[in-house]
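The letters A, B, C and D name the chains in turn, as written, and every chain counts its residues from 1.
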Amino acid sequence: MLAHTVQLRIFDTDMVGHCHHLASAQWFEEARNEIFEMFNPQMTKEDWNLLLVRIEIDYRAPIQFSEREVEIRTWISHLGKSSLHAAHGVYLKDGTCAALGGAAMVYFDLQNQRTVPIPESIREKLLPHLDPDCPYHMSAKK
Amino acid sequence: MLAHTVQLRIFDTDMVGHCHHLASAQWFEEARNEIFEMFNPQMTKEDWNLLLVRIEIDYRAPIQFSEREVEIRTWISHLGKSSLHAAHGVYLKDGTCAALGGAAMVYFDLQNQRTVPIPESIREKLLPHLDPDCPYHMSAKK
Amino acid sequence: MLAHTVQLRIFDTDMVGHCHHLASAQWFEEARNEIFEMFNPQMTKEDWNLLLVRIEIDYRAPIQFSEREVEIRTWISHLGKSSLHAAHGVYLKDGTCAALGGAAMVYFDLQNQRTVPIPESIREKLLPHLDPDCPYHMSAKK
Amino acid sequence: MLAHTVQLRIFDTDMVGHCHHLASAQWFEEARNEIFEMFNPQMTKEDWNLLLVRIEIDYRAPIQFSEREVEIRTWISHLGKSSLHAAHGVYLKDGTCAALGGAAMVYFDLQNQRTVPIPESIREKLLPHLDPDCPYHMSAKK
């Protein structure tokens, strides 16, 4: 499991009074930086090699701006031949899980525009975070 | 079906060169304005009565900024006693469906903090857009 | 003057109850699409040739989500040899000007990484929108 | 001076290949959290008492996503009877200042809808960060 803290921004909130549903989606993407780095250590756009193919998010509790910061926990919930699922949760200071979701990605050769198998060297970096018992699994193995 | 056109913004794009995955999510929310209005004709924050409980989006094709604008098509894919699912698609000028997704919402009494049945007067406005054959159905009937 | 209508999104609002200060900045960028197109008719990233060097925005009145849509008016407030200033205003239905601002841009040769003079063919498209009496002028002629 | 590090998100980038101009504006707002807290220690929406009246940003150098994180430095550049200016800079790892800007705010009594003098207890918290020699001053003392 990867843990990452993000500070809330007023920009994250909406008129209903708490964080907007797309704030979680932005935090989840920031949390995936650690995964992106396993695939592309220099994080350059020229070598980008992951395509996002699906996202899902369940909202469970409102997130108040006064919370100040939230913890994003990230797991690998599925590791296929050329695809993987990241699972993410938003956790409040009192332990409440405010949102759970996932992102399906495929390893992609942008130059040749095709999906390719994830090499063993990257699988080794991902495997310690693979957790079949993590709290969220995507609805479909795309 | 509700059709709505949105103009692309550079803000919608990312360094990989096309629209970021959260651009579709923002357009889908803008398209739901017509549904929000059925529930809250004055669109005031004081009378807000829909809670978003889940989103899902499948990404099918890249959306280039040079596309200039996209059409968002919206359906009601499920209408329950106190919940509904909106289904959304992003369509390019050549007819390509670039993304499909859904949003699950519950009708909510914010003052008493509880889910309440959708009144008949609102159901009548929703029913013409209910389409069991629409191209996206959420994975779970939450 | 260029007029452009944008529909408000819940994503545009914040917990204080009205539109967030960066919503106006996003609408202003959308309104600049008509200017971008004069410089780069195909709107492709490969031919992008304008660099944003400064923005300024004055906030004058709150924008409620219940307003539903706002009109963005855009002028060219300054046209230099290789630079230009766009001036923008957000106008509510009752005529209130809720925000005024500007964006300074330079015409840029990305391949050679240097500022170049705006060609006559583009100046001809810009000139009809140049208005020294427009309601906003940037504080510095950068 | 207040220093604050933010991690870059793909959401921050645009198709030109580096961070979008509104990414800096979002980071500056996150950096102002420390100022907001001096005015409203619980950071609740009910007690919000600062109105943003103007922003300015100068862009000086592109910010690549591969930079991974940037440092936001914040100063109080002006402290008036009921207003203040925050000055902000984005600093890259090699020391480059990629953007400089400011935000003008007024201390506001939301209930009575009027500007009020900043109390001495808050001025004491602000004064250590007031720096007339800071690298950015807003163009107008609004």
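Please note the rule applied: contacts are C-beta pairs under 8 Å (C-beta built on N, C-alpha and C of every residue); 3 or more make two chains touch, one makes a residue touch a chain.
Because the structure is predicted, anything quoted here is derived from the model rather than measured.
Each chain gets a centre from the mean of its Cα atoms; the one farthest from the centre of chain B is D.
Two chain pairs are in question, B-C and B-D; the one with more C-beta pairs in contact is B-C.
Per-chain Cα centroids separate chain A from chain B by 22 Å. Centre-to-centre, using mean CA coordinates, chain B is 28 Å away from chain C. The centroid of the Cα atoms in chain B and the matching centroid in chain D are 34 Å apart. Counting partners per residue, chain B has 10-11, 13, 15-17, 22, 26, 29, 45, 65 as the residues that reach two or more other chains. Interface residues of chain D, counted against chain C in their complex, comprise 15-16, 21-22, 25-26, 29, 45, 48, 51-59, 139-140, 142.
Per the touch definition, chain A reaches chain D in the complex via residues 7-11, 13, 17, 26, 29-30, 33, 36, 42-45, 64-66, 68. Put simply, chain A touches chain C in their complex at residues 10-11, 13-18, 20, 22, 65.
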